[in-house]
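Next come two complexes built around subunit A: one with subunit B, the other with subunit C.
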Partner chain A sequence: MERLSFTYPAREAVARRVHVGVVGSGDLEVLLEPSADEDAHVAVTTSVEGFATVWKHVLDRFFTRFEGAAAIEINDFGATPGVVLLRLEQAVEALRA
Partner chain B sequence: MSTAGERQRFLARPSFIELDARERACAILDPGTFRELAGPFDRLKSPWLPLQGVVAQADDGVVIARGSIEGRSAVVASIEGAYQGGSIGEVSGAKLAGALELALRDCQLGRPVRPVLLLETGGVRLQEANLGLAAIAEVHAAIVALRRHVPVVAVVAGLVGCFGGMSLAAALCSRLIVTRAARLGMNGPEVIEQEAGLAELDAGDRALIWSLMGGEQRVATGFADVLVEDDAEAIAAEVRRAFASPAGPPRSEQVETLIARLAGIDGEHPPEPAALRTLWAREA
Partner chain C sequence: MRPEPATHALLRIAHPRALADAGTIPAWAAAALARAPWVVVRRARRRDGLIPVGVRGLKRAERLAAWLPADAVLECLTPSELAARGGWRSSARAAQVPALAALEAIAKLMRGYELDWGPCGSVGFELASGAATATGKSDLDLMVEARAALPRTVAVGLYAALARLPVRADVLLEGPLGAVALAEYTAARPPVMVRTADGPRLVDDPWDGAAAAA
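And then the complex of A and B:
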């Protein structure tokens, strides 16, 4: 198990909180809520160690399209980068629904 | 499923099995009444799993939802089978027991609450051992106390099924609704194979497993009450029917019947599953 954290600049406020996903095999859960400051913060807990660079690449890409000041908690159980991006985009979709 | 129309209807049905725990609770409650208690943002996580290198889920795999069923106050406890096999730990067990105990208190104060359990669980979470077992004992006690006031309705839909101490919880409920995909048993097939050997039970033989502990067999032998299709609307309707019709004497109080059933079995030559259906045919 490994814990990672990342910070990204944000441009707009996040109004509500959303929860998607499940900590199941090859899957993850995402808890997204308003950040306490003006930046976006991501706290990752993952069952697979040694993939910090891959997590950074996935989150870098996500934050080119999402500019909300969100506090995001990710609890991961071995999801592939594609599944991680899909879950993050599902959270954003739920946020805007 | 012979005609094209039947196939089309089957494909168009809203699957219950494909829903996650939260969506299942929503599907059971009256539309728009779902309100979650102790949800993921309360972060009541397992304190024990991370110490053992296992990632914890924010709601510990149990969704407790208040709402209404046919306009009557209700509480639904729904277990997420995809997280740790739906296993019951200290926190998830406390959420289940707490929900039932609060429903009991409301019933005692003259405010009936309709309790529904959506069980998808391998039983106690081994990493939390005794704490999970203690919580399951509290769940058992709460079901027995609560069913004197109101029917306690359980659904085992699949695909995990319901095993271990939680299979006893299912057995204690006033009405047990299952699908063909459900399995109900004290020990799961892998455990039996591991402990008693391949000659006793081949856990890889799916047809054999379902013929022994599948939903259809459990209904045919009287260990579950209603067999439904994997259809969220049909399951919600069966839950409503369970509260509308008075429950008979609880299965766990029919001790004489169950002892007589066991007495009719020759342990040296156990009957085939089909023969058991005749031998233990459910009373009409």
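And then the complex of A and C:
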């Protein structure tokens, strides 16, 4: 297990809490809720060690399009970057629904 | 000849040099193939006639995406074939590996639901190659053929029965569009994620348009 954390500047408040994804091989779950401060915080727990740079790259890409002040908890079970981005986008969609 | 090996199939090769990109593979991958010369078919499209395969190392972070010429395949075993062989019954390792020990109960459960299934992941790799790969902590990755929509009552019943086993079993339903996690299909409202050869997609109904796609 490896734990990683990231902080990004945010512009708008997040209104509620959403949960998407599943606990399972090659997948991940995303818990997104309002941040305690004005920034966005991401806490990643992953079963695959040694990929901090890849995580940063994927999250940098996500935060070019998302500006919510969210506390995002990610529990990863070896998802590909494509699956990570899709689940994050699904969480944002769920937030808007 | 047999049809193109599907995702999850395990392929035996003669040597690490059989890979199309053999010149660029890391040392751990060459060592892994020297130990057990098997690769797994990845969920991706063929490229220039090459089969997308994965090499499994000892650590979780050791996974290599590689390419294999079709004529380099010496043997092909699908998860269904591994289930039909029942190799776990004669494995001395079942005492140390709960994921292997659980397969007999799973075989019975799947027979009851008349499902075509098989082991993937470390357990599938071990059953195909004979090389000790799964560990005492390994989860059990399974695939279930679901060309037609799996009735929700079956999905819920299967999920509940698997949850009572002493190991964590992760099931992928292999449908016409790609694979959906049983856990997600059972628990979540649409959309659900389908893993396709072109990457993951969110869909409301993984079996919608199945007739057209088949």
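By definition in this document, the second predicted complex is superposed on the first by the 97 of 97 C-alpha atoms of A that agree within 3 Å, B and C clash if a C-alpha of one lies under 4 Å from a C-alpha of the other, contacts with A are read in each partner's own complex, and residues count from 1 in each chain.
The definition used in the following text is that a contact is a pair of C-beta atoms (placed from the backbone, for glycine too) under 8 Å apart; a residue touches a chain by one contact, two chains touch by 3 or more.
Just so it is clear, the structure is predicted and the values come from calculations on it, not from any experiment.
After superposition onto subunit A, partners subunit B and subunit C are found to clash with each other. In the superposition on chain A, contact is made by A:E73 with subunit B only, not with subunit C.
In the overlay built on the shared chain, the residue A:L31 is in contact with subunit B alone; subunit C does not reach it. When the two complexes are overlaid on their common chain A, residue A:A13 makes contact with neither subunit B nor subunit C.
Judged by the touch definition given at the top, the superposed model places A:Q90 against subunit C, while subunit B stays out of reach.
Once the two complexes are overlaid on the shared chain, A:V23 sits against subunit B and subunit C alike. In the superposition on chain A, contact is made by A:G82 with subunit C only, not with subunit B. Of the two partner chains placed around the shared chain by superposition, subunit B is the only one that A:M1 touches, whereas subunit C remains out of contact.
Using the contact criterion defined above for the overlaid structures, shared-chain residue A:G50 touches subunit C, although it does not reach subunit B. The clash between subunit C and subunit B in the overlaid arrangement falls on one stretch of those listed (61-69, 151-159 or 205-213), that is 151-159. Across the superposed pair, subunit B and subunit C both touch subunit A at residues 22-25, 27, 47.
The touching residues of subunit C, when paired with subunit A in their complex, are 59-61, 121, 139, 141, 170, 181, 183-184, 187-188, 191, 193, 195, 199-202. Here subunit A touches subunit B in the complex through residues 1, 17, 19, 22-25, 27, 29, 31, 33, 45-47, 73, 75-77, going by the rule given at the top. The residues of subunit B lying in touch with subunit A in their complex are 20, 39-41, 50, 53-58, 80, 82-84.
On the side of subunit A, the complex with subunit C involves touching residues 20-27, 47-51, 78, 80, 82-83, 86-87, 90.
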